[in-house]
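I've put the structures underneath this note.
What follows is chain A paired twice: with chain B in the first complex and chain C in the second.
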Partner chain A sequence: MSVNMHRIRTSWHKNRREWLTFLAFVAPNFIIFAVFTYWPIIYSFYLSFVRWNFLTPNKQVVGIRNYARLMQDDNFWEVLGNTLVYAVSVVLIAQGLAFLLALLLNRRVKGQPFFRTVSFTPHITTTAAAALVFVLLLDPKLGPLSHVYNFFSIQGPRFLASTTLAIWAIIIVGIWKEIGFASVFFLAGLQGINQEYYEAARVDGARPFAILRHITVPLMAPVIFFLMVSGFIQATKVFDLVAIMTEGGPVYPSSSTYAYHLYQLAFRNFRAGYASAFAIIFFIGVMTVTLFQLRYSKRWVDYEE
Partner chain B sequence: MKNPRSLITLLAALVVMLLITAGCTAPAAPAGGEAAPSEASAPAEGGEVIELTYWHTNPGPAGDAQDELVDMFNESQDAIQVSSEFQGGYGDLATNLLTAFAAGGGPEVSQLGTFEIREFWKSGVLEDLTPYLNGDNGIDTSDWPGTMLDAGKFDDGIYWLPFNVAVPVLYYNKEAFEEAGIDGPPETWDEFFEDARKLTVKDDSGNVTRYGVAYIPGWFSWAMQSAIWSEGGELTNKDYTNITLNDPVVVEVVSKFKELLDEGAAIYPDQASGGHRGMFMNGQAAMILDSPGPFGDIMENSQGFTPMVANYPAGKAGKVYNPGGGGIVMLTVTPDDKKDAAWTFMKYMLSPESLAYYAERSGYTAFTGAAQEAAGDLLQDERYATIHAALPYLRGDFSVNMSPAVRTAFDEAWQKVFVEGADVQQALDEAQAKAEENIKDETFAP
Partner chain C sequence: MGSGFWHNLRYNWRSGVEAAWPFALLTLIAIVLGMPFFWMLITSVKPLSEIIIYPPRFLPQDVRLENYVEAWNAAPFDRFYINSIVTGVATTLLQVIFALFMAYAFVFINFPKKDLLFLAVLATMMIPIEMKLVPNYLLLKKLGWVNTYWALIIPPAAHAFPVFVLYQGFKTLPIELMDAAKVDGATHTQTLLRIVTPMTRPLLAAVALVSFVGRWNDYLWPLIVTNTVAMRTLPIGLAYLKDTQEGGNRWNLLMAGSVFVIVPILILFVFTQKQFVEGITSGAVKG
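== the complex of A and B ==
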């Protein structure tokens, strides 16, 4: 025991300088995180058990009432469903397309950097601007699609005026923005694959599809996995597209998402406690998904190093 | 501390921490709001200048005109200096006020829409203006229209004063009316629904080429509320002890609007395609129920017809109109020694000359009798005179707007009816139940 303590003490002495240096480097970031991230999370957890409107000095403790109400709130389930539909669709469709795009871009074609830049542009386009452009594009009477509809003399769908299609209009823009981002990552991954594998496979007479399936995809698994996790979490936070394209309508909350509804609850309806319960459920959900994905990914992702 | 370097490292860490915490607190001080008089830019001659901050909304001319009024106020005297700050839309303004108040700061005077008045009053954000209104430096409100002064009245205090007042305006296509053989705009709501049918034009294959009326996407409840009140219906009483979203008159009025949609005589457009205003200006809809907001745009940019303005129709209860726009408030964070100055500024904003100037620049109404006199030239224009003729019928009651429970339940119901074709009675019954349940969560629950 005492020997042990002694050892710890000497190591502490020895490492004190290192410790202090470590602290000096870590402190700035840690303090910023603590003040702007960890503390709000903890405080939000507390708020989820009270009734409060941000303004009154006293917060009325209501126990788990906020959570109980939430379970019976149609809007909660609807925005949750919308958000999952959005996130899953954007991740699967955008990344599927991005992978194909990356395969194309990976060929040694003339002007590859140009095409790469073009495909990345949607990601750095201001969401607000992109959303507005798509609102016009999708308009059945004013947009360019109207020519297509007129050509076939059909009535074009009014995406934003339909309770079922409005969320898909948002998904389309989400996909468009995500493809560029994912394809650049995929391309970087593809270019990191050792060409010797391909040469060996070709010498063995493997067909292109077999090469894709047995070499490219397995070696790309870490990239695919990373993009799916980060893409999914990113997608569940969608807010700006909803705010600009539909405001959750045409019949609220038919195209509203979790983050947008949360904002409405907190800052338009002033229900800080109830909105905090929403936020905590979201936090737990995202954490669960992340941990689940990380844990089970080990089974099928082979990190090379 | 044998090793001086470890001390230096520790000190460095402390300095970094201090810098960061200092950086955190510095911006938290309310921007400009609390500048002490002693710090004020040295007044040129004698006396201390009182500095105030005014927050406002309204992009475009309606916002610029407020900045101009503030400049004019500053030039008109030496004692008070107001800085005018634009805060975005009505919702953004309210959110910013909320966060500023929560942090113990904010402006002394602010514009405020109609949705947050009750919540802010209940939370002690708004100053009671009654003593100022009735004081020596008060305002004569005897010529204020309708019951506008009631809008901000709670528990015998007045906490919100109307400033940018919008009235309902019916825009109609003169040639379309002539074509349909209709003599002038509808006088009653029943006439309105009949006219909409007569004004509808369909081509040989049955496609509508011109709708009788295009509804406002998103906030049509604002227009419908005038119809409901005019027909003698109520959505809620002021303290929410009697919510009546499924009142028979409400059901009847919403049903009539739905019937027009079902018959193809009306359309509920989406915001994207320019909404109802775009359709009216392109001649695709013969009428819209709106406010003075788009007046300039419609008069200048309508294609191929003569746009005209009229008041909303009357119902069984006569003309009862739902006002729109916003007002101004004084915030309770205002230090006592600045309150008189804040009121002096508010009084300036509400002076007949200011309101007349604002009406001319913004399209909102010169809503007081004295302001209309001051705006004499403007009202020579028959169209402005028509718009202003609606003022006496305004009902200063924003109870529906002010309760998220009632507002969202009603919005969801009529949107379901218009967009999904839901049954009116059933949708409104559900809304009623929802509103009664959710009202319990409001800070001002009965």
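== the complex of A and C ==
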């Protein structure tokens, strides 16, 4: 121990300048992280064990009661279910379509840059504005789809007035925003595939679908895996779309999501402790998925370098 | 989509069905994905009477540009713009500067156990913001920052994503350059500002763009930390317009307001999309 201390002290003398420069360079970010990220995590754990309305000077420690109540809270299970339905649907549908779009864009079609720009634009469009225009677009009377409904003489679905369809209105916007984003990654992956594989397959007389199945998809596995997991985590945080399009309605919480419900609990119902328990469960979920990603991306997935 | 579009379609068609279908399919996809923008634009110039007729028309008969003036006056959009621009620019600058110094330190300066410290930085990306809302709000209240620019600018000024992207970029720089600078007796600050920064300017631009778009579009954080109309940013201002007497159900004004919100970001994107896409993909695909 003392030898160790001695070594650190001598290397401190030798490297003082270097180390101090390092600390100065990383200080701004670390100070902000410490105050607004590391500390809040610790404090959230504490808050999840109290009952508090943001106002009273004393927080009543209630142990695990918040967690116990949460397990029996119908709203918890419903918003959890909605969030998973949203995230899984957006990831599977949007990324499936994005993969096909990337295959198309990879064919060196004329106007490829134009199509790429158009498909990516939804991703950078402010969600609040996108949510508003989709309310109008999906309206069976006011939106352009009414021409389609008219043509087939059917009654268009009133997405936002239906307890089962409202979440799908939100999913549609989520898909619209995700397609171009994911296709950019897929396209980058496709363009990184060594052309020699394709030439060899063609020489062997492989059919296009066989090439797709046995060459393209396996080689794209790392990108697909990365996008699915990170897209899933991202999608579970959906908030803006719910806030603008449905506010969790038409009958709360039929289209509410985890993040939106947490916001309601904390900043509308002022249940700081209970909301924190919600936050902790969310945190544990995200950590689990992330660790799963880190673990299996090493084992199954063959990143270049 | 001018005459070149039709020429391509015809050209592809003549050269065989094989060559035509991808182009036709992409055109269809572009129409579907672009429809919200088209609908937003035409609705924003329609008189209300043309919005509520059934079935709706694709092109307005009567173009009312006054809708934009009315929308501008229906909510304090001048304030929303100032708030969005000031906080967006300030946060972006701080994010990039802080990330520049931090990434440089992690790549080029020796420090014991710096790998562990770097993990602690990356770990912040896994923390969902929902988890931090309540404690951060309490903290801002203690600091007296609620409803101030400080709250909108400082907490988001530290972000791991730009650090990570710059870290990846710095690692590809030729090490001989650093050694040459060291021999010349340059300090780390000098090396950073005179050698590393000029060499990675495109990457810095890409990182700044991604940061700015992220701040501009953010909804949750400004919703929590501001509480008066005058302090709201554009996305929340738009939601505010929806809930007012002037704006509620007047879809032409709401769409004009939406155009206010997205036009700056779309213009920025059209001119910088190459850097932007590089910004989000670097550090991800090759991670």
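Everything that follows uses one rule, which is that the second predicted complex is superposed on the first by the 278 of 305 C-alpha atoms of A that agree within 3 Å, B and C clash if a C-alpha of one lies under 4 Å from a C-alpha of the other, contacts with A are read in each partner's own complex, and residues count from 1 in each chain.
Everything below uses one rule, namely that a contact is a pair of C-beta atoms (placed from the backbone, for glycine too) under 8 Å apart; a residue touches a chain by one contact, two chains touch by 3 or more.
These figures come from a predicted structure and were not determined experimentally.
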| item | value |
| --- | --- |
| First, second, both or neither for A:Leu142, with chain B first and chain C second | both |
| Which superposed partner A:Ala259 touches (first chain B, second chain C, both, neither) | second |
| Which superposed partner A:Arg158 touches (first chain B, second chain C, both, neither) | first |
| Which superposed partner A:Ile280 touches (first chain B, second chain C, both, neither) | second |
| Which superposed partner A:Asn15 touches (first chain B, second chain C, both, neither) | second |
| First (chain B), second (chain C), both or neither touched by A:Phe120 | second |
| In the superposition, chain B vs chain C on chain A residues touched | C |
| First (chain B), second (chain C), both or neither touched by A:Pro28 | both |
| Contacts of A:Phe267 with chain B and chain C, given as first, second, both or neither | both |
| Which of chain B and chain C A:Thr288 touches, first, second, both or neither | neither |
| Common interface positions of chain A, toward chain B and toward chain C | 21, 23, 28, 31-32, 35, 54, 136, 141-142, 267 |
| Contacting residues of chain A [partner chain C, same complex] | 8, 11, 15, 18-19, 21-23, 25-26, 28-33, 35-37, 39-41, 43-44, 47, 54, 101, 104-105, 107, 109-111, 114-115, 117-122, 124-130, 132-134, 136-137, 141-144, 146-147, 150, 176, 179-181, 184-185, 188-189, 192, 223, 226, 230, 236-237, 239-240, 243-244, 258-259, 262-263, 266-267, 272, 275-276, 279-280, 282-283, 286-287, 290, 303-305 |
| Contact set on chain A toward chain B in their complex | 16-17, 20-21, 23-24, 27-28, 31-32, 35, 51, 53-56, 69, 135-136, 138-139, 141-142, 158, 160-163, 245, 247, 249-252, 267-271, 274 |
| In the complex, chain B residues that touch chain A | 3, 5-6, 9-10, 12-13, 16-17, 20-21, 24, 91, 94-95, 98-99, 101-102, 115-116, 119-120, 122-125, 217-218, 268-274, 404, 408, 411-412, 415-416, 419-420, 441, 443 |
| Residue ranges of chain C touching chain A (in the complex, touch as defined) | 1, 4-5, 8, 12, 22-23, 25-26, 29-30, 33-37, 39-40, 43, 51-52, 54-56, 58, 94, 97-99, 101-102, 104-106, 109-112, 114, 117, 120-121, 124, 126-139, 154-155, 157-158, 163, 187-189, 213, 216-217, 219-220, 223-224, 234-236, 238-239, 242, 251, 254-255, 258-259, 261-262, 265-266, 269-270, 273, 276-277, 280-281, 284-287 |
